[in-house]
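Notes for the one structure printed next.
For reference, chains read A, B, C, D, E, F and G in written order, and residue numbers begin at 1 within each chain.
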Amino acid sequence: MVGSPILFVAVPLLAAFLIPLFGFIWKELVRIVPGIVLLYLLILSVSLYIQVLQDGTIVEQIGGWAPPWGINLVFSPFTGLLTTLMLFLAFIIWLYSYRFKNVDFEPSKKYFILLLMLVTGSIGIVLTGDIFNQFVFIEIMSISGYALTAFYTGRDSAEASFKYLIMGSLSSMFLLLAIILIYSQLGTLNMADIASKAHLMKPEFRVLALVFFIVGMGIEAEIFPLNGWAPDAYSQAPGPIGAAFSGIVVKAGIYSIIRVTFTLFDVEGTMQFLVLMGMITLVVAEMAAIKQDKIKRMLAYSSIGQMGLVLVAFGIGTEEGVFAALFLMVNHALVKPLLFLSASYLVFNSTEKSIRELNGLGKYLPLTSFLFALGAIAIVGMPPLSGFWAKWSMLTAAANSNMILIIGLVLLVSVVEIVYYFRVVNRIYFFKKEEDVEPKKPTINAMVSMIVLGILIVTIGFYPDLITSYLHEASESLLDKGKYIQDVLSAGQSIIQ
Amino acid sequence: MDQISFDISIVEYGFFASAILVILVGLYGALVKKSLIKIVIGLSILESGVNLLLITIGYIQGGTAPVFSPQLLKDMPLTLENIKALGNEMVDPVPQALVLTAIVIGFGVTAVALSLVIRLYRHHHTLVIDEIKNLKW
Amino acid sequence: MKEVLEIIGALFVLLGGIFLFLGGLGIVRMPDAYNRIQAGTKATTLGGMSLILGVGLMETSWLIKAVVIIIFIAFSNPISSHALARANYKRKNFPYLKNTKGVDAYKDAYLNENKEEQS
Amino acid sequence: METKTLYKKLTSVFLNWLFLFIVWNAFTSSFQAQEVITGLIISFLLALFTSRFFDCCSLRVLHPVSLFYSIVYVFVFLIALIRSNFDMAKRVLSPSLPINPGIVKFKSKLQSDFAKMMLANSITLTPGTLSVDLIEDTLYVHWIDVKTDDPEKVHAEIAQQFENILLKIFAE
Amino acid sequence: MKKILVLLLLAVFGIYLADVLFSLEFGKQFFTDGVKDFYLTKGPLDLKVSNTITAIIVNFRGFDTLGEVTVLFLATTAMGGILYKKRHKVGARSVLFPSSQIVMAGSKILFPAIILLGIYVFVHGHLTPGGGFQGGTIIATGFLLMLLAYQDYTVSHKVLTIVESLAGITFVVIGLMGLIKGSTFLENFMPVGTLNNLFSGGLIPIIYIVVGFKVGAELTGLIYTALHEKD
Amino acid sequence: MIQIIIYVTFGFMVLGIIFSAWRIMKGPTAADRILALDTLTTISVSGMVLLAYVFNRFIYLDVALIYGVLGFIGVLVIARYLEGAL
Amino acid sequence: MNSIVLIFGVFLGGAILTYLAHKLSNILSSAFFVLTIFTATVLFYLKVETGDVFSFSLNGLHLEWGITSFSWIFSLIVLGLGTMAAVYSISFMKGKERLGYYYFNFILGIFSMMGILLSRDLVSFFIFWEIMTWSSYMIVVYEGRSVQKIGIKYILFSAMGAYAMLMAIVIIYSQMQSVMIEDLIYSFSSFSISYQIWLPILLLTGFGVKAAMMPLHVWAPGAYSHAPMAYTSVFSGALSKMGVYGMVLVFSTLISQLPEHTIIREVVAWLGGITAVMGTLWAITQDDAKKLLAYSSVAQLGYIITGVAIGTELAMLSAIFLSVLHALFKGTLFMVVGAIEKQTGTTNLTEVTGLIRKMPWTFIAALMSIIALAGIPPLGGFVGKWMLYESLIGSDHYILVILIFFASTAGFLYCYKFLFGFFLGQEEKEWDHVKEAPASMVVPMLILSFFSFLLGTFPGLILKPIDQGMQSLGYVPTEGHFWGMSVLFNEWGNAVVLQPILYAIMAVFLFFLVFLTLKGLKGTRYVTTKDISSSGEVPGEFENLSYKQNFFQPFLRAVEPVMKRQIDKYYTGIGNGIEAFFNYVRRVYSGNGQTYAIYVIIFLVILLLFKNNLFG
């Protein structure tokens, strides 16, 4: 036993409560401790993950009560993969954030607490096996998100945060309504228990609960008409937080919607619905992205589009589809943060943060620019970077399910994507610098974090087999609903007997 | 003074209906009112409605609070049967526990919302939501 | 003894109910905020006290806690009424003066206070 | 620390403790040893913490005379309250609403804030009067049926009975 | 126009929701083997907690509560972050507009009583319909009373921070001790005592006391921040 | 007999609540509304105590007390706000 | 180590080294640059033989690299032209910014083209194809802001083409769970009929973009003319041939399996023909040499596409032969333009004039290439075109012959314009200072033009390997092996005896050459444009009377109706429409948080209303 999944929540919480006290001792600890915590959790996650791949899913019962009575955490090949990915990114983002901007002590203390909690919330969403507990974690994540969006004291960040908050409140309302409907029918909140009893629900309750879940989690997962908050929040939050949103937070949103559709309910038509919504999200987001003149906003729309693509891949519903979706998620989780992080330095000193201001920066910030360009090539799915394999998996999965039209549409949209990313790259490298805004050189820690992401993107591009076996394990784990129920509920059954 | 039974059958659906009504009123406020404060109030009302519904779901006809207080136990021995019998007279404790969590969370969100309103007012000198849209398209 | 206490308690309860009703009636009927406060406070305070005392008498083991609530009501109600009355005055809702001599001894103090604030 | 302030402090801690302990027992209403002991400890800790606000009274209030007058006060107050209610009921229920409102003022002889507050509260709950504000030692009272605006007469009319007893209780 | 649209939408939503909910019989339980029966028997029998809600909140679903506490903690942090201003002076409220002397005098005596009430509520969380959140809220209300009555009343930010941090740490550490002493996080490792005694329920009262302190400190902080916002 | 008295009392209280509610809606000044709310609080506290008796649950008295405290401080907050001091 | 991996390693390592070396010194970087390409070339021809296979597995796919005798022919183009262009680049790029960047992408370009040729599976093929696309894009946009639109147009079309190709590959993979090209050829006939039609079309779309086939060519003139000339020679000479390479594969291995393949063939052949005509016409109207050559490339590729599409042995042979030749002469010509640009600073045909004595070697290279391009014997163009005509006639495409012949004839016009514009005509003081380009630029040009001369004269040298390559695609060996000897001394085809005509044409040509040379040696006098007296009219002061100006006015007036149909405009129209639509759509993000909240409820209500349709 290397450790227990509960530590993924307990340790950051402990750290978050400790950080204010540390601030009284030595202010630098406020910055350092989160990094140590994240690093520790990353190591723990990797070792647990290895263990899980060998010995099977770990189900942690909290308070000593077996599911369905107690809350449980499920560390499976699927959730473990996501957790590891999130922690890796969180650590990278921490590394980058360390001295990203020299804000006062008070805000920076809050920044690191909130960042830690943003990550913890996301991980909690992924790990928990209890539907109400997931709601709690969603709230932890959201509140951290609201606060971090409004972190900069400028005018527009509060606006973005307020929109996020309105949508987030609606989201929690719908989630609660769904939970109410389920509870009224089944008297249980445990996901595995719900999954095993879902057939006992009256059909109209089940469908209504599903609809509420889709609306509620669709807001977090940025499905099309529900994602109005996302571009604002992504673009107004500090750069590393934009990276965290696109790399970590939205992944948790997608996870929750997937868990509901794949495990909780077995409602006919859900998969086609995911494809439909994913497609609409993808198309609209890319349409909006192409005309943006703010760099982070463009990245935000692109992020939304990618999430649409992920949903489409999940909606294919086959093992290949899930595999592709996970591949897309991993790729996006590596590339989009890289784009956000590098873009943040490219527009560091400007107030407008417009694409125009990237003109000619290739000369002044060569490595940062290169990493941005690398990210751009990877995100549009051009070989030989990681994005290509993700897209390839997605397209072949679609082809194997005879979704030819989907392939065509996805590729058509990809063309749009290429156009706007290459426009930006063009500006960075081939335009003359106009403004007098002095570009800021990234700090060493920021550089290291970006380079690590860059290396991973290239490595996976050249050698995708590095991760594919894990993705396969994960997708099998997600699809095997019976095993999930068995894993979670077996302990409780033995108690009854 | 032992038995005073209150017949609630006349309001059979009244609780559901009023919870739904509160939800709708809150939503209406959040979706239509122009003032940021009123929107936040709308969201709070909405939240109350959902909480109300949650509580309503857990109600069991004639049930009392799920607290095994001394007055209730009187001199009963603590056996499984006794407890079960008492428990059957009680409302479902789970929604009550959930609602407490939901309320606390809702409170936290409202606090954040109000501080955002203050920030917005500081910058825009208005509370009209239609005038606060610098971020668009 | 127990039955007697129950009966007495029930009467207190009834009396309390009536005064609570009167308090409601008072705030409907009285012509301005100050008078409504007067009516509301007095009636509901007494009503609440009486009702709770009644319950305490009916169930004697509850008496101590009932008294706590009674004391709290007796202590807090006048304070909140006073605070409301004062706030209402500060919002320039002066006492109902139609058909009266227009006695308002507070006005001078209020004006002085305002002057201080401005300086 | 000066002896006097220390004495004052100890007094307020002690009184606070006593007060809180009584309140605690009233809250729990069970006189189990666990509860009582817990109550002693909690009220002591809390008394330490909040004693700097608890300056309502000196040890004098524990003197039998004070306690006796306190009881007297309760009865006087209750009678006044009941009278006031019937007075109010009469006014409320009579169709013509026989009122003649206004704000009058008078000076109180009471010294401590707490005593003044008690007076003001009592006045609020007695027939036809409502304390609007207390500035220094002048009390402004909304009177539903103003009979006089001479402070002396006002004092005699609406405050005298309480003030006398309060003076005895707080020994001022 | 927008109003009509919204009304129409809400009508549809309401009708669907009502349609489904009205198919439930009010006051009847639909499911047969929900988790509540387990709680209603294990709570008093195994945990010796008479308030089953408390048993659920602190023990069966104690993890939610940890999250809940975190949410509040985050809300205070968030509020502080959102309203942060560079030259922020604590205690900048004007003393020009004092509260009434009556309220001042009253709150002096009410304040300790209200705090005591709060403590009573969270200490008896396992016996009465109270608990850490309720008690904490009442305590914060006490501080609110003082802040209302005394314009220059200040609450030490540092003390609040220390209280809420320590309380949070205690909560997590208690949980982790469960992991070490028992086998799982938040598992009870203390004797449970007798039902309806003050000292019963194992860890539950301890956790609820911790929660009470934490919530009290956090809400007080929130109120304090909000009242001092005006510039 | 006692049951009837309690029913009657509830009847009175409901009337009181209706009157208060009417005043809350009618106003006209903010103080009127808050006053009515305050009245409502007192009536509710009393009602809770009475319900505690009806359901024979001592623990409900705590609820009533706390409700009273919160209502009182709520009124003070609003009063202070109306004064313009917040 | 496998030789293929080794070569790829050399390319990649060299690219990175070159880039890094650039940080130290330009000379070192240039050295690495040339060395990399040379080493790779040498290694390739020494070590790699047909049948060498490197196979590996990636992401669950079986992938294979190896050369076939068919792709070997194209490797000649890539490496031959690549090497020359690399050498040429050194001087050409001297003093320019971002050399490391240029070299890096240049090497990646060559590398990716070799990768395409070495890929025996579709995924590798696609990966290299994409690397080729973005590396060439990087160079197209080298000039900066002014070429933003051109770059975007290029990447847009390339991406659409590539994704059409990717779609096909994905479908193929789903059909046979393999991406090997040979598996595809083997199991293509078992695909459903709609796939049998659509897959080739998708693939052809992809290849058609790179081969600048109408109507997918619109990116080409801009991209060709705005990249640095050193690269354009590779771009137009080799990179576009990758499209041809792919088309050959598709036509010879897939479409030939279709029972009803004639329609696709006809359509593409006609597109090729039209491309040839239009390209020629557009080329004629250009006053800028780069543009002129760019359009000319489009036209030439048109011939080649026609040949590929017709797909008879002779047609295919001619198409591939023309591909090789086109690489040689068009590569040279772009280098010539580059040299002139380098020396004079402009490539405008109406400005530069009379360079024949100042840049004689450049002139010779240009002349040889022009002649080859125009199809005058004995240089290659003639052989190729003649074979094409014959194959068209042989397959009864009479109208196409007329088209191609028209294009070919009209092609003389721009050839003349090019040659005359730059080199002949009056010398002007303005260009007095112009000197011959440095040797490292001249030599590659001369080498290339020498080869176009050699292959034109001895087509057998290349036709034989081409023939072998075609056999690997399933063509039977060409009848009688009569390509084994030089065109000069052999009878031409079975039907026509060519020698008399040939000799006649050659006599004219020789005379022309001698005349020009003599004239060049004698020297010309300096005149100004005002010296011209024209039919009694007194020209106005600002009238440019240089006859290069509006040279083909009457001709153009005649073909004006055709020219008006500018495909570009349609694309622009479509583009604007799409953009406007996108702009309209994104207004759903109105910026009002409340509106977003209403969207949520609308979405909810839609789901509720249609829940029975959506969720069973």
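By definition in this document, contacts are C-beta pairs under 8 Å (C-beta built on N, C-alpha and C of every residue); 3 or more make two chains touch, one makes a residue touch a chain.
The structure displayed is predicted, hence computed values, not measured ones.
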Minimum number of chain-to-chain touching steps separating subunit A from subunit E: 1
Taking each chain's C-alpha mean as its centre, the one farthest from subunit E: G
Relative to subunit B, chain with the most remote C-alpha centre: G
Chain pair showing more contacts of the two, B-F and C-F: C-F
Euclidean distance of C-alpha centroids - subunit C vs subunit D, Å: 15
Geometric centre distance via CA averages, subunit F-subunit E, whole Å: 23
Separation of subunit F from subunit G, taking each centre as the mean of its C-alpha atoms, in whole Å: 88
Centre distance in Å when subunit D and subunit G are each reduced to the mean of their C-alpha atoms: 102
Shared interface positions of subunit B, touching two or more other chains: 1, 23, 27, 30-32, 39, 53, 57, 65, 67, 69, 92, 94, 101, 105, 108-109, 112, 116, 119, 132-135, 137
Shared interface positions of subunit C, touching two or more other chains: 6, 22, 25, 37, 45, 58-59, 61-62, 65, 68, 75-77, 79, 81-83, 85-86
Touching two or more other chains - residue numbers and ranges from subunit E: 2, 6, 10, 13, 16-17, 24, 29, 34-36, 39, 61, 64, 67-68, 71, 74-75, 78, 82, 97, 100, 102-103, 106, 117, 127-129
Contact footprint of subunit B on subunit F as seen in their complex: 2-3, 6, 53-60
Parts of subunit E lying in touch with subunit A, wherever the complex brings them together: 16-17, 19-20, 23-24, 29-36, 38-39, 42, 59-64, 66-68, 70-71, 73-75, 77-78, 80-82, 84-86, 158, 161-162, 164-169, 172-173, 175-176, 178-179, 182-188
Interface residues, subunit B side, partner subunit F - complex: 1-2, 4, 6, 64-65, 67, 69, 71-72
Complex contact set, residues of subunit A against subunit E: 4, 6, 9-10, 13-14, 16-18, 20-21, 24, 60-65, 68-71, 104, 106-107, 110-111, 113-114, 117, 124, 130, 132-133, 136-137, 139-140, 143-144, 146-147, 150-151, 153, 158, 161, 177, 181, 183-190, 200, 202, 204-205, 208
Residue numbers on subunit C that touch subunit F, as the complex places them: 6-7, 10-11, 13-14, 16-18, 20-25, 27-28, 33, 36-37, 40, 44-45, 47-48, 51-52, 55, 58-59, 61-62, 65-66, 68-69, 72-73, 76-77, 79-81, 83-88, 90-91, 93
